[in-house]
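Dropping a structure here in structure tokens format, bear with me for questions.
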Amino acid sequence: AEAPLTVFAAASLRGALEEIAAAFPAPLILAYGGSGTMARQVAAGAPADVVLLANSDWMDWLADQGITAAEEAQIIARNHLVLIAPAGTAPLSQSADLPARLGPTGRLTMGQRDAVPAGSYARDWLTHDGMWEGLQSQLAETDNVRAALALVARGDTPFGVVYASDAHAEDDVQIVYEVPADTHAPITYPAAALTPEGIALVDFLITQKAQTILEDHGFLRADHGS
Amino acid sequence: MLEVTLRHRFDGFDLDLSFTTEGGITALFGRSGAGKTTVINALAGLLRPDVGRVVLDGEVLLDTQRGIWVPPHRRRLGYVFQDARLFPHLDVRRNLTFGARYAPRGSQGAGFEDTVALLGLEPLLDRAPATLSGGEKQRVALGRALLCHPRLLLMDEPLASLDGPRKQEILPYLERLRDGGLGLPILYVSHAVDEIARLADRLVLLQNGRLKAQGALFDVMADPAAVPLLGVREAGAVLEADVIAHAEDGLSTLAVRAGQLELPGVQAPVGTRVRLRVLAQDVILSRQRPEGLSSVNILPVRVDAVHPGDGPGAAIALDAGGDRLLARVTARAVRDLDLREGMGCYAIIKATTVAPGSIGR
Amino acid sequence: MLEVTLRHRFDGFDLDLSFTTEGGITALFGRSGAGKTTVINALAGLLRPDVGRVVLDGEVLLDTQRGIWVPPHRRRLGYVFQDARLFPHLDVRRNLTFGARYAPRGSQGAGFEDTVALLGLEPLLDRAPATLSGGEKQRVALGRALLCHPRLLLMDEPLASLDGPRKQEILPYLERLRDGGLGLPILYVSHAVDEIARLADRLVLLQNGRLKAQGALFDVMADPAAVPLLGVREAGAVLEADVIAHAEDGLSTLAVRAGQLELPGVQAPVGTRVRLRVLAQDVILSRQRPEGLSSVNILPVRVDAVHPGDGPGAAIALDAGGDRLLARVTARAVRDLDLREGMGCYAIIKATTVAPGSIGR
Amino acid sequence: MVSFGPIMDLDAAAWAALVLSLRVASVAMLCSLPLALWVAWILARKEFRGKGLLSALVHLPLVLPPVVTGYLLLLSFGRNAPLGRLLESLGIGLAFHWTGAVLAALIMGFPLMVRAMRLAIEAVDPRIEDAAATLGAPRLSVFRRVTLPLIFPGILAGAVMGFAKAMGEFGATITFVANIPGQTQTLPSAIWTALQVPGGENRALVMAALAGLVALAAVLLSEALARRVAKRISGAR
Amino acid sequence: MVSFGPIMDLDAAAWAALVLSLRVASVAMLCSLPLALWVAWILARKEFRGKGLLSALVHLPLVLPPVVTGYLLLLSFGRNAPLGRLLESLGIGLAFHWTGAVLAALIMGFPLMVRAMRLAIEAVDPRIEDAAATLGAPRLSVFRRVTLPLIFPGILAGAVMGFAKAMGEFGATITFVANIPGQTQTLPSAIWTALQVPGGENRALVMAALAGLVALAAVLLSEALARRVAKRISGAR
């Protein structure tokens, strides 16, 4: 058999990547982590053949460090934001209803605004829709999207902003509002090969087969919207 | 009044005894490892014996059969440990006053100033226990136990590392505690027979975890069975005497039944009754009344009994006008002087032989 | 041969002294807090004095001026601590053998079996130190120090918590150590003057951190200046005597310069020289030769000097055919008998007064 | 290399995080002291069935990844957990509240505090406590007047460790109370946040240095205190 | 509630993570023992300028968020850092290697080990050591034959804490050596990974329970050992 490839991947891709690994001809070793952590590790010489991030800023940073050439980065998937609530909650007809639905004490869960990409997209959206200032004291920012999801699923907060792909995987929550894509920067998942062997995987990720798997896990295709 | 019955097994050591005390000072005497500390620990509540019963002045402190066990802090027994066990984090002053607050309101007992003065602790009050010498530690431990105003004092060789002069200062103080208004009873462990003879009213002899003898000091000390335990040198009689006069040269005149004695260093005021200890080995017998001796204490006596000893000595029991005296002489002297029961002779007691420490009560 | 000069300041205590020893047993005597333990600690290297010099058999162990300081483990001094300081994690056997491996190859000294037997430690060998009685701990500590084959033994009140009979077993052993082929010198701290009188060759008297007197035992014990320090009861002379005969009744005849004495309990074989201690208070003076006394030990003496004491007593220095004797009599007796320098009289020494413990060497 | 100049340039959020961390760490340390002392005392002095289990339980926060601890806290004290609801109705909100951060820090530091105190208690000679009892001191007084002062170095060590751990706790805290600037964003959360942004390293390191300085101050203080106590006991002045 | 049945169902990756964690924790604990003992001894027995600073330095990994420690490790020992390159050329690869996980665990557990041992050393009566010296034992022998056995409970406590901490270390480890299954994925990393998938909580909790069991075993063992030693010293049999 071929030597396995090591992939450093954003943790939010895990569900889909596991399936893709099964479909990929060579064995894959999947190492998950935060995008920033992995970008630094790659810069420090991590033994990865492919790096797969949830944030294009960190891919740009890697390019700045001279680790990858900017043009080598390949967007392999996209995502969009959704507003979720515990299963059984009535959907929102418009985003402006959110403050009222939260009430005076309810909190809105989202990723940390600066550190977690989903958080900064959520901030973009809330700012765009003019609710950011008003909700300042009602946010519950988490260190990753999964944590946000868990908070909503357990009903600790009535609403949360997560990726559609995350909401897709959790049965205890339901999507109550789809955030329009034009209210925030595009959500992309860039991949880059770090070794010649890695190129095959990056290429495989944008094949129809892989893209379908990603779609099955709630992601948008790499070419979505373009 | 203390009644004690204890049974306890250590690996290789069996304690099984029962004794009573009747106020005053009771000495617990026995060889190293005889079980003295074990007994005292059981009294203090620091050791829970397998079987036992301890009653102090009618209060049951321990009764394993009835499941009674009064915790140490409610027993109010002042314990002077064989090792001083001072509180290392407190200076001497705070060590001394540690127990004061637990003494019942209005309880009387040793005062701070007095105790500090007696034990010579003034210069040490601000010192940490770690900087004290062995004897200094022991003095602080003694003061600490006294100052908690106990109803019974347990002393485990409290004077072992003190020098002679210091002992001579402390012993009268213990006597005052016993005899003062409080009548503080004391259970006193010591190897020093002279301390015991001076202080104790009762004597409890232990051997190998068992009771060997108990009773009034006079009786036990005179018990031939006790002699090997106490040591030959320490046998002797104890007399009661009345103080008649103090002369200017420091000698005092004391009346015993058979006559008068001139003794130095008697502190008791005229008219009081004191206790004299006359060691058997300090008594010389003479058939004629001797003249021109440096010793002026000569009493006419009658030989009560001649007890030949194991070795070359013999113990001569004497009747001195009703008082009992004991003389230890050589077997050869018995033969030479032809000492026999009923014979009259003279006992020469060297004036300075009666140690100041032996004059008590 | 040990030369010691030490100067050290504690807060409130000044040590400043210098003394020498010459093999054999040197006793360090002083009241509680006099600085005895401090001196021994400095010798052992556990305390670094401010200024000092210690030379043992020509080897400089300490010289603050020249910056010499031999660490404790290379001094090879066996130290019996005032508190036993056993190793709590080792059983008695391992405590005893702890130092054996550091003794120089082929060094001679106490053997394990002998030491264990002498100190009565067999039944304790597997015990943890925490379960030992006070005296048992002290015996183990003594054995531990002996078994490391030191070239000088430092003993800080090693027998204080031992009973009389046990002491009587250990003292001869220490004498054998001193006198045996090894001639192990010992520096011995004790409050018990009878121990010192029996054992010591030299005496160093400390008071309050200063040297008060030092010298051969006989000289210092007879020094009137030493009397208050030693305690009035303990003053006395030490005589050398030759054993002449042992009679069947247990009395032995010993020759001193002024005559013969009949004493019980002498173990030494005929022909040997022993040391007798005669307490000043056990000597009675008579102007005429007394007759018909139970005491047969009467020596003709001459009054050397009359030292009136502070109290009602007086010390009479006597010349007994070249030997020195000391008698303590009352001032009244001095007057009545008209004792004065140069006067001839008789000293009555009660046969049984000479304690077996005082007959040594 | 990190330059210390930029400390002054730290923004308000960072200062707020520092202040919050100090508050959380102090409160956590103070709150857990008595409980830790009690548990340490039981573990040191009592023999009972299940002692090993209790000891293991105390060690648990050390073994579990902090996220798990945080998650378990969320399960137990979340707004919809029975316990959490009960506390909330009593006015003790924990989730998303700085008090929750205290709870997380407290639990994470607990094993350290217990162990330090336990070692100290085990080192106390019970015969000294016996002596106090014979002088009439009831159990609690013996503890207060003898045991407590004697184990002071251990308590101090436990306090420093608990405080330091609380200053550094991140995983459980962020999982349990999230990362709300000004409310639950502790210094470690802020540092982590800074590290997630490209180019945020310097800011993170400056904040880390700040945390280090606080720890230095705490450690130096504790060392000085410990030295004073040791001096008093040894009698040196 | 977590059911323990599923433990048997854990996949190979989880078992690999457990085995790796055990290895990392044991090696880290064993390697740091001597160094921690040495530092503890210095802190307990020596007085010197900068002692407070050394103590603060030892506490540092407690105060810093683990991510920062991991980041600093990455900066120092990364494959592109001079030190890392040097070590790598000597055949000691640390970054992205299980040995790196050992280093991270070792550093994070170090303050705990030092403190436990230091407290134990401070509790040893130096007069007992003096006694050993007068019997002829050189310094090192005194340490080996007297001090060491007397502080055994402290060493044991330190070892357990170090081991437990190493079993639970996550932040510094994942930052320094990443989360590569079969190579650097420790149990905490595996637990974290499981938590990243919705519905992964159960798997995470089962693994956490596994970690708890390991810790339980370690703690029970240490308690039993400590009890035996205590019994020997008190003389009970």
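For clarity, chains are labelled A, B, C, D and E in written order, and residue numbers in each chain start from 1.
Operating definition for what follows: a residue touches a chain if its C-beta (ideal position, glycine included) is under 8 Å from a C-beta of that chain, and two chains touch if they have at least 3 such contacts.
Here the structure is a predicted model, which is why all the values come from computation and not from measurement.
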Margin query: Touching both subunit D and subunit E, which chains are there?
Written below: A
Note to self: So, comparing C-alpha centroids, which chain is the farthest one from subunit E?
What the structure shows: B
Item checked: Chain centre separation (subunit C, subunit E; CA means) in Å -> 57
Margin query: Averaging over Cα atoms per chain, report the distance between subunit C and subunit D in Å.
Written below: 60
Checklist line | Centroid distance [mean C-alpha coordinates] between subunit C and subunit A, Å | finding: 91
Next item on the list: Mind pulling the residue numbers of subunit D that touch at least two other chains?
Entry: 71, 192, 195
Next item on the list: Quick one: which residues in subunit B touch 2 or more of the other chains?
Entry: 11, 83, 127, 131
Next item on the list: Quick one: which residues in subunit A touch 2 or more of the other chains?
Entry: 150
Next item on the list: Counting only chain pairs that touch, give me the topology of the graph as line, ring, star, complete or other.
Entry: other
Next item on the list: Can you identify all of the chain pairs that touch?
Entry: A-D, A-E, B-C, B-D, C-E, D-E
Checklist line | For the subunit E and subunit A complex, residues of the former touching the latter | finding: 67, 71, 74-75, 78-81, 84, 95-96, 174-175, 178-185, 193, 195-199, 201
Check: In the complex formed with subunit D, which residues of subunit B make contact?
Finding: 44-46, 71-73, 75-79, 81, 83, 85-90, 98-99, 102-103, 127-131, 144-145, 148
Note to self: Going by the contact rule set out above, which residues of subunit D touch subunit B in the complex?
What the structure shows: 127-128, 130-139, 141-142, 145-146, 149-150, 152, 229, 232-235
Checklist line | Touch list for subunit E against partner subunit D, complex | finding: 51-53, 55-56, 59-60, 62-68, 71, 111-112, 115-116, 118-120, 122-123, 153-154, 157, 160-161, 164-165, 167-168, 170-171, 187-188, 191-192, 195, 201, 204-205, 208, 211-212, 214-216, 219-220, 223-224, 230
Checklist line | Residue numbers on subunit C that touch subunit B, as the complex places them | finding: 10-12, 30-33, 36-37, 82-83, 123, 127, 131, 133-136, 139, 156-157, 160-166, 191, 193, 230-231, 233-234, 247, 249-251, 262, 264-265, 281-282, 284-288, 290-296, 311-313, 327-333, 336-337, 339, 348, 350-353, 355
